[in-house]
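Both complexes below contain subunit A, partnered by subunit B and then by subunit C.
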Partner chain A sequence: SAGSCHSVSSSGMAGADGDDSLYPIAVLIDELRNEDVQLRLNSIKKLSTIALALGVERTRTELLPFLTDTIYDEDEVLLALAEQLGNFTMLVGGPEYVHCLLPPLESLATVEETVVRDKAVESLRKISHEHSPVDLEVHFEPLVKRLASGDWFTSRTSACGLFSVCYPRVSSTVKAEIRQHFRNLCSDDTPMVRRAAASKLGEFAKVLELEYVKSDIISLFTALASDEQDSVRLLAVEACVSIATLLPQEDLETLVMPTLRQAAEDKSWRVRYMVADKFSELQKAVGPEITKNDLVPAFQNLLKDCEAEVRAAAANKVKEFCENLPEDSRETIIMTHILPCVKELVSDTNQHVKSALASVIMGLSTILGKDNTIEHLLPLFLAQLKDECPEVRLNIISNLDCVNEVIGIRQLSQSLLPAIVELAEDAKWRVRLAIIEYMPLLAGQLGVEFFDEKLNSLCMAWLVDHVYAIREAATCNLTKLVEKFGAEWAQNTIVPKVLGMANDPNYLHRMTTLFCINALSEACGQEITTKHMLPVVLKMSNDQVANVRFNVAKSLQKIGPVLDSNCLQTEVKPVLEKLAADQDIDVKYFAQEAISVLALA
Partner chain B sequence: VSSSSSSSLNAEKVDGFPRRSMRRARQRRSHSSSQFRYQSSQVELTPLPLLKDAPVAELHDLFCKKLQQCCVLFDFLDCVADLKGKEIKRAALNELVESVATSRGVLIEPLYPEAIKMISVNIFRTLPPSENPDFDPEEDEPTLEASWPHLQLVYEFFLRFLESPDFQPSMAKRYVDQKFVLQLLELFDSEDPREREYLKTILHRVYGKLLGLRAYIRKQINNIFLRFIYETEHFNGVAELLEILGSIINGFALPLKSEHKQFLVRVLIPLHTAKSLSIFHAQLAYCVVQFMEKDATVTEYIIRGLLKYWPKTCTQKEVMFLGEIEEILDVIEPSQFIRVQEPLFKQIAACISSPHFQVAERALYFWNNEYILSLIEENCQVILPLVFGTLYRVSKEHWNQTIVSLIYNVLKTFMEMNSKLFDDLTASYKVEKQKELKRERERAELWRSLEEQQERRLQSLGEASRNQKNLQEREKNSKNEPENSAANAT
Partner chain C sequence: MEGDGGSEIKQWCLSQVKGAIDDDVTEADIISAVEFNHSGELLATGDRGGRIVIFQQEQESKTLAHSRGEYNVYSTFQSHEPEFDYLKSLEIEEKINKIRWLPQKNAAHFLLSTNDKTIKLWKISERDKRPEGYNLKEEDGRYKDPTSVTTLRVPVFQPMDLMVEASPRRVYANAHTYHINSISVNSDNETYLSADDLRINLWHLDFTDRSFNIVDIKPTNMEELTEVITASEFHPLQCNTFVYGSSKGSVRLCDMRAAALCDQHSKLFEEPEDPSARSFFSEIISSVSDVKFSHSGRYMMTRDYLTIKIWDLNMESQPVETYQVHEYLRSKLCSLYENDCIFDKFECCWSHDDSEVMTGSYNNFFRMFGRDGQAGVTLEASWESSSPRCPLRPWRVCAGSRRKEDEIGVDCLDFSRKILHTSWHPQDGIIAMATVNNLYIFQEKLN
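Now for the complex of A and B:
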């Protein structure tokens, strides 16, 4: 290729594109061949620049053949190339010439590295749409056939992803050939190819005529679903969703259900896991009757599976499954078939199962209504709220709002409040944090009176938590509370407590006062800020801890806009000037920053 | 589902740390088993008479009954369940092992299907999900198979069965077939190292005795490796399978078949890309060197393959690669060395300039190897110019003193090898540097003007398309106008 390259360079100077074609292709190709991989990669990533410099004709006749010939390179470079070529249509002269891109992409679709191959297939799929129907049959489809009958598994794997894009646009003879090739790959000797075919089965089924779905796809589906390798069988479950959607209801029982039943009881947990994971999609695809008769018992079994992974996957689907049950029998099915299994899962031995359940169980209350929720679900929520595993508790707390909608906050808080108070002091700070995040919601719905009585003290206690993240969240929480309950409430209940902390011996608590003021000043308004907060801040400028002093400067900067200009000039300015002359470099820095931001210089 | 994922996301977001501590804190079952899963009704076992007390005429019959008894599976997760039954089975298995190992004439044809059935029922199972999804074989304790007290004896029996002087491959091949072997190979993914150890010996015996299965076994191992490399990156038994292959390669006939070369180039070499290379690197390097010793012409494939997959960010792997290269160079033929010296020493030079001192050190150790040194000396004219620039530069700027002194030794060795060439290179070092800088500037210039040109073209293209659009608009308007006016008029 070096020889051909030189001959090109000698003739290449005479530019077909006039003045713009300044560069002999050899110079550009040298860039694509640089010894340093990184430089080579950079050049490939700018392949469009090179193509543009060469013009469409020389890109087709010189650049693409070079790329096709030199496809042995580092995978990283090949990946970049495969990606570039997917966007190259205009650079070779538009859809009329798009087939010129096929040879290099074909080679890329056969390399070993999966990411390169996948990218090449993606680009091929993309440019397939830019082929005219004639070009598709003359150029594209033969490529698919070559790949499908390649020696090494890589090219056959790649072929699997290309059938569905060309099938709808070719003649019926070619269609028959494509179906035949797909059939061959589904029974390929190599499990890698069977896996690729199985994973594209659903996609391919969607573009086939219904008669061929019934005749071809079903037999392939059945065969793949009973493959000797579980990695193939589990992919058939995915295809099952698409296939079931395509078939008329009356055919499902005979064509799909035997295989699906078998998959739900497969001896490999991976296959059962897949069934659990796809359960909602399967449920929608097979419709209400089959769901009632077949999927309910299957779901019960998955919820009781011996493998925790399968139980967790099924537990995750409890809410969706119940939601999608046919309305006429929904409640009965849930109460008699699903709820008993759910009750058992609440005390499962595996924490992932419990945690999966906790993340969806609250959703059942909307479906079951107030009375059932109080009688049957609340005990389960309470049990999970006391679970030893923090993730379970967290998932319950994070979903309180769905229950709230059903049974009302009063009922909820009466039963859950003790548990919430307990969690507010949980040893795990993440749990405390989750509770804090729910405070504004609870406060808004409980009303001021109830809040002051039960929760206010908790909110204040968090301000002196030993974990910064909690103090920060508590500060933010106060702002939201003030937004809900108003400035007057703030002045009476929280501002005195916050300002009181300014005299705390612990400098971290003194800083919390400042942080709270930063957060609250705007919500509290000018009067409270000027009258109550500012004096405290100004006084703190004499603090012996430098961190407190520079936070005073930051606070002044923050609350400055709330104050009137007279106050700024007479009270704030002198203090900031004093701080700007502080011995500590950080205090000076922030004081100066505040002076300039507030335009007090 | 969405609420669950968002809530777990929230929890994740809180401090930005991956929740490793949570994972570690997970309560662990120390044992796991997927064996006792699909047996609904439990059979009560009753002890049978001892094999050694049985009259000769009844021996085979009793042996057979014991095999059938051993097909009953027990729940080992519940360690107190059915202790009596477990003990009866254990004793029976022990007897079977003992009998097949010591007495002659026990293994008669009707026993083969019964024995293979007993083995299949016990060992073939879907392995349980890993307790620890990011199981790190180097750091974490493996999950041990709970049913090992029985399973071990079954494996022991299988091994003795295969090794028995009475063992008849022609009878066994009817039962130890492709399907059987495939299931056996899948078990190599077991997390329990004791199980993999048995499997290794057993598969080796099967390969040795059942010739008809050899090609199939090799093909399936290929598939397992390819899946490991390109799909899952997870398989616990890679080291054990490689160990078996090491001795299989040793027995390959010459000239090497293309199937075997393909295995080297498309499977063994890409195995070097695995994240968990350290676990099986020794066995892998052994296989690679075995190939070279069989047929020196594969050397170039190997070296170029290793260079292609040379680690870019993982220094620990880089050290392993260098170790393997040294093993290869130890046995390389001088004629093969010449074919690869150029790319190879470019890579070695790159390693020497690695800021990680272990990488640099490992590369510099090559000069302590007498055979490698002799190869370098023979090809000094080629190699010295390749590495000189790096040695010269790194000797001046490496942070680690050990590396600096090792480089001085290497430079000294080169000076003694060929002082003329050394002096020439020293003299031209600065000039070369200058040239390099100039080339870099030229590159930058080239790209700058290319990009300018692109800008210009895109601009003119944009203008052209705007003009065209305007033109079309105008045409449209002029077409519409008369219609509009006509409509208005009516």
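Now for the complex of A and C:
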């Protein structure tokens, strides 16, 4: 933009004779070929500044030819260049001249690095819209053809992403050529190109006239879906979604379903995995009737697949699949076809499968309602709560809210508690950390009574965990609990316990008291802070461990704003002054900092 | 030897010898990998010093009928450096264990090279122009007076002498606990495998931070270890199929479509052991030192200490062809065990049309076998006893002392001169092999 150009110029060197506004631009241009890649990258990122200074004419005739030959550079420089050129239309003189950007982008579209090629294609797609219909046929479309018939597969893969942007805007003769090029690439010798074509098949189908979708796309789709390489076949599954969306319902059975059925039973687990992974999209694309007749059995098979990766992918889709079933037959289908498979997955041999299921299974309760949940789902939840793998239990606990809405959490509490206690004491600190994070949620759902009775002691135990990350999370957890249950609850249940730790022989536990006070003072309010917490903090200023003393200073700084000014002057100030004269340098430092922040000097 | 020198047997001529011809060889100069690229235009060698030298075939002489283009040095670079694993207190040698070329994707060439632990992807590219013209300095680097800048100058690319650059593109590290013995690029052009003694990993060429373990034969208790992986390769056409050979002489074929972890093989190629021939050395000499699919993908060849076996992928029970490489060593196994030669890992390769196979032996001999069941020929890589364009003289090794001019006694063989690494031009009658620090290139005699 003009603004950035101006700012660079004004920061330039104040030369005596020469044009001082040129200096910074001259530096930028020279640095385009600096040996330091970081400086080259900087210059490329300011390419618009250079172009503005050169003007549209010189940008077209000098800068762009230079950039076209720059393809030897490092990937990150080329990536930045490819991105810049997508926004360069105004800098070369507007849409009338936008085709000047094609040569550098064309050379970038043939480099070996996928990210650079993809970015070049993205920029080409962007500037294609700025071409007039005539320029598109004269300049852009020949470029697409050149790439499509290039010697190396890098250029042919890039071509695949460009057909769909020019097709809608060219004459019918050129359209026919484009379709032919696309057909050729779909049967290219190298799997890289066939993969690129397969991944753009859906996008290309969307811009084609329906008659060509039926005549051209379907045969390409069928061919790619039975490619000898499974890496190609699996991409056809994605195209299946777009193609099915485009076709009228009555054509789906003959044109799409044979291929989809074949993919769902493919010999390669990667293809079946893809079907499982895209199952919700496929379900929406083919509609309720085909879902009932075809997808339900297919889904059952995927849930029972011999490869764990496939089962896990299918398990992840259980809730979405059930939700999207046609309402009239939803419950019957779930109860008779899906639930039996789900029951088996609960005791699957693979923990990823079980944990994938655990992350969605609770969602079924809202679909099936209270009675079915109690009768059929509850036993499964309870089984998963007792699973040997902590991740499975965590996933159940983290989704309790869905169940809570349908049957209330009390139904679960009997099994829930042992599960939580076990996770709370798990040997892996990351597991303990994860369960702490669910505590506020559980507290809200279980209610204060249940919490005080069963969970409070756990929350307190975490405060003296031997891993700092757990103590820290436990402190943060207390704040959230106070926000939920109120200051009075805090005063009665947790504040006494927290303050009690101030006399602990372990200085780490004494510091935890201070950290808790830091976290709780605001939620607890002025009265509790002044009356109960402050005296403890002040008393700890005499601690023999310097780390505790400087944390006292930090705590006083933190809770200061909650206290009234009288209290600050009479109680806090003397203690801070004493600490400011401490023999330990860190204690002094933090005391002085607190004094200045609280304006007590 | 009957059949040798018959008109149906092809004749080979010495074409080139690379490397210093000198008895004083430094350890770093010993060649440890030889590999033609997919067109045969380039030939790469790796050595124990971690260097890679790439030779390019001269284009112009290709038109001449009597000889093909010679190979000249195209690029030399340091691929691996010696490293130290501080956690395990282990030195990691820089020795190049394997080189594999990627199918060509643009004007540049790419290859994978590996030492014991780390695989690297190298790009070899040409540059024939460079930018010229600065605003603030002269071309020689002297700075100009900034106030003299009155107009902006955009650099212009000018032609220059051709420069070949080798640049490291990816480093695939930290995925192998044991020593890497094989790398193989998949026909899907986007993945490759790397195998060590106990595991095989699958990589995507674009990602260095993750690989997938596809085979793991490590027993829970290492004392139960009876077998290690010695070689592995992808099928040339089916992207889902790979094989690995083991120290027990078996080869397992795995189908990646069947499961994510291929611990369960889908085929096991194993020759039933002859109980009468069983000895202390049986297992050592049956260890698979190399496995290579034929270009057609129908057959695979395995090399063990004494033989080459060719297997039809459709028949697991026994090889369809077995070639004796140096059967005369069977009586010498004891001394070969004592001097460690019995653990030498010989490579083997297919001719471009799958009609012949080649492998190395001792005394700088190499063996060529026609697939028609002939006994094969023994040829020698020696610059002293060959002259350019003269067909190599076949040798015959016999027990006892030397008798005729073309015969040599087993006891006269030099076991320190061995041909472990061999490669066959993928489209032409050209072979390359390493003898200690020399690279020999032979051409088929054209009639």
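The definition used in the following text is that the second predicted complex is superposed on the first by the 536 of 601 C-alpha atoms of A that agree within 3 Å, B and C clash if a C-alpha of one lies under 4 Å from a C-alpha of the other, contacts with A are read in each partner's own complex, and residues count from 1 in each chain.
What we mean here is this: contacts are C-beta pairs under 8 Å (C-beta built on N, C-alpha and C of every residue); 3 or more make two chains touch, one makes a residue touch a chain.
All values derive from a computational prediction rather than experimental measurement.
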Which of subunit B and subunit C A:Cys306 touches, first, second, both or neither: both
Touched partner set for A:Lys267, first subunit B, second subunit C, both or neither: both
Subunit B versus subunit C as contact partner of A:Pro248, first or second or both or neither: neither
Touching partner for A:Trp152 - first (subunit B), second (subunit C), both, neither: both
Partner chain(s) touched by A:Lys317 [first = subunit B, second = subunit C, both, neither]: first
Partner chain(s) touched by A:Glu62 [first = subunit B, second = subunit C, both, neither]: second
Partner chain in contact with A:Leu394 - subunit B first, subunit C second, else both or neither: first
Subunit B versus subunit C as contact partner of A:Glu228, first or second or both or neither: both
Footprint overlap on subunit A, where subunit B in one structure and subunit C in the other make contact: 22-23, 27, 53, 112, 114, 152-153, 190-192, 195, 228, 230-231, 267-270, 306-309
Footprint of subunit A on subunit C - complex, ascending: 103-108, 110, 123, 125, 127, 129, 131, 134-137, 146-157, 187-190, 206, 237-240, 256-260
Subunit A partner contacts - residues on subunit B that touch it in the complex: 1, 3-4, 7-8, 10-11, 14-15, 22, 26-27, 34, 37-38, 126, 128-129, 179, 182, 223, 226-227, 230-231, 266, 270, 308, 346, 443, 446-447, 449-451, 453-454, 456-457
Interfacial residue positions of subunit A with respect to subunit B in the complex: 20, 22-23, 27, 31, 35, 39, 46, 48-50, 52-53, 74, 112-114, 152-153, 190-192, 195, 228, 230-231, 267-270, 306-309, 316-317, 320, 351, 356, 359-360, 363, 391, 394-395, 398-399, 430, 433-434, 469
Parts of subunit A lying in touch with subunit C, wherever the complex brings them together: 13, 15-19, 22-23, 25-27, 29-30, 32-33, 53-54, 58, 62-63, 65-66, 69, 72, 110-112, 114, 152-155, 190-192, 195, 228-231, 266-270, 306-309
